[in-house]
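So, here come the structures, one by one.
Below, subunit A partners subunit B and then partners subunit C, in two separate complexes.
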Partner chain A sequence: MTIDQFVENFADLFDNGGEINAQTPFKELSEWNSLMALSVIAMVDEEYDVSIKGIDVQNAVTVEDLFNAVKGKL
Partner chain B sequence: MAFLHFNHIRIAGFGAGVPKNVVENDEGAVSSDVYSASDFVKTTGVRRRRVDFELTTSDLCLPAAERLIADLGWDKKEIDALIFVSQTADYFLPATACILQDKLGLGRECYAADVSLGCSGWVYGLSYVASLIESGTIRKAILLAGDAKRHYQVRHFDPLFGCAGTVTAVEFAQETERLCFHFGTDGSGFDAIIIPDGGARNQVSVDSFREEEFEGKMVSRLQTRMKGMDVFAFGISTVPKSIKKLTTQYNLTLEDYDYFIFHQANMKMNEVIRNKLKLPEEKVPYSMPDFGNTSSASIPLTIVTELREVISGQKTNIITCGFGVGLSWGTAAMTLDADCVISELTEVQ
Partner chain C sequence: MSINPFSLEGKTVLVTGASSGIGRETAIRVSQMGGTVVVVGRNRGRLEDTFAALEGTDRVHRQVVCDQTNEEDLERLIDGIPQLDGVVQCAGTSVLFPFQFSTREKYDRVFEVNFFSTVELLRLLYKKKKISNGGSVVLIASVGGTTVFDTGNGVYGASKAALVSTMKFCAKEFAKKRIRVNAIAPGRVHTPLIESGTMTDEQIRMDEAKYPLGRYGEPADVAHGVIYLLSDAAAWVTGAMLVIDGGLSI
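Take a look at the complex of A and B:
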């Protein structure tokens, strides 16, 4: 898995995801809420066959942090 | 491995009772600082629910059971087992199953017990009654399952959940299709859905009533709290695997099944599960838009509200899967014959 592909998959979940990059603190995005977190978990499950938990999302600040959490479970 | 199969079990009928009172999931009912009512409805799929602050689960099960027994034409004295699956029992003790044996007018030679499970509970309960019927003299049994009025309630119900009590009638049959199950448990996730206080571990104290923030909501320690993301991740990974294990163990083909009735967790989770299994929309009925997540009632309630008019009078192959609090899950594959009775929905007030 590559960080670029992960960022693209992540950004696709948002209506206005064009500006999202690896360093984006995603919880500060206006579209972010706890329901969006479910979409992220579903995307990771579908694209990478990895089950991330709430704590992984809670501990991540940037998209790259989340990428690293997923990579660590591969 | 927990696979079970039965060769002499016939599902005779289904019934369900819900409160007459309807609550719409508008801005008044969905109070959250982190999302709007419309976002909530869009994600969960729950537009409205049946809610009552007086009726207990057994109050909803009882009239539904009376109706189904009448529709079946069963003699109550022949019903030798009653299993009540719920996490909202009438009392801490005695078991609600004993109270229901008396209220229904079943005989004293009746096996009756409560089972404390939630979302997976109906599937587990069905395995209990099937095991009882194949193991001795019991020929007819009823499984009552659901959740309603909580033991302690503040302000309003969580907008995801609705109240319902169901009944499933099961009997011995010499010639019938095989009923098979797969079960699993992961107690390491025991706190993913939990009411922390009020049991023996954390007895009720003054602090139990104090509200604290949990995942963006203010809740007391006597209310259900759910780690939504963990439960979601659990559901979407566990359900497809459990179904695949069952079909592999018993050489079943998904295409042979007419309907897949899942626990009605929330629309987002259930749709991910449906897509992972590549099931067509028309084979996966949902009661959650009108009734919410109804815990152990959700599978039989969906059969009553969504399939009654469609499958009555015809042989139908179904796969069901309950999953959630515990964490606990169970999958069952079964055939409903053309004579299976599905009672009309009972509205209770």
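Take a look at the complex of A and C:
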């Protein structure tokens, strides 16, 4: 699991994900909403077979924070 | 004979999913209303806790550890149970996945518990004439998938909608034996099922605020509806989906 690949999978959830990088504070994106939060949890389950919780998404500020949360559960 | 139309005295009632949540509370309340209970669940320890909480030492309650998705377990269950006046099916599971991640595997896993194993147990009970004429079947469905369509709840909702449809077909077919078949559609109830952590506490608080009566349900809110549908008070009620949701679906 690499950060580049994770950012790509994350950005893929968005219609306009082209600008997203590891340091993006993703909750400030205009497309961010509760469905996106569920989608992130589902993407992590599908791609990495890891169950993260709502609180993990809530606590993360940047995409890298999320990456680290997932990495910690691998 | 009791003059209370909601009394379950003299009735033997099978309750599945009785190790926790709505099933556990239903089993206990049925025993408090005078019923003899057969509790069924997967987790032996927790099922024993439910069994120990049943009231009425003069009655012969039973407990059967059973994974309803396992064919052999089901057969053993059917062969070992007494004649029933009531069946309450509470076994269920839940997931939250947006549609684009709702793979066949996710549907299979949820439908296996919420739909196929529930329907198969009902089929076997009916075919083997384990439900007495005039008996009552109650399936726990949900407002999710039948009247409320929340984001990410599609797999669960579809399984419960399928269950409600089957309930109505059975209500019609079983009517010739005066066996009534109904469902309860609860809103979100405080049980281990909804505390998986997919939603944050803050999201849960915001969700709870959508309920006109101001709170999620308690297992007893649903159990009381089950008692009504099991009892002679509901003698002319079949094929109904009783919504118990604090007003959410208004």
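Following the convention adopted for this analysis, the second predicted complex is superposed on the first by the 74 of 74 C-alpha atoms of A that agree within 3 Å, B and C clash if a C-alpha of one lies under 4 Å from a C-alpha of the other, contacts with A are read in each partner's own complex, and residues count from 1 in each chain.
Definition applied: contacts are C-beta pairs under 8 Å (C-beta built on N, C-alpha and C of every residue); 3 or more make two chains touch, one makes a residue touch a chain.
Small disclaimer: the values here were computed from a predicted structure and weren't measured.
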When subunit B and subunit C are modelled together on subunit A, clash or fit: clash
Which of subunit B and subunit C A:Leu74 touches, first, second, both or neither: neither
Clash-bearing segment of subunit B, relative to subunit C, as chosen among 23-31, 203-211 or 293-301: 293-301
Contacts on subunit A seen with subunit B and repeated with subunit C across the two complexes: 34-35, 38-39, 41-42, 45-46, 53-54, 57
Residue ranges of subunit A touching subunit C (in the complex, touch as defined): 34-35, 38-39, 41-43, 45-46, 53-55, 57-58
Complex contact set, residues of subunit A against subunit B: 33-35, 37-39, 41-42, 45-46, 51-54, 57
Residues on subunit C engaged by subunit A in the complex (per definition of touch): 96-98, 100-101, 103, 151-152, 196-203
Residues of subunit B defined as touching subunit A within the complex: 34-35, 39-40, 43, 215-216, 227-230, 232-234, 236-237, 268-269, 272, 276
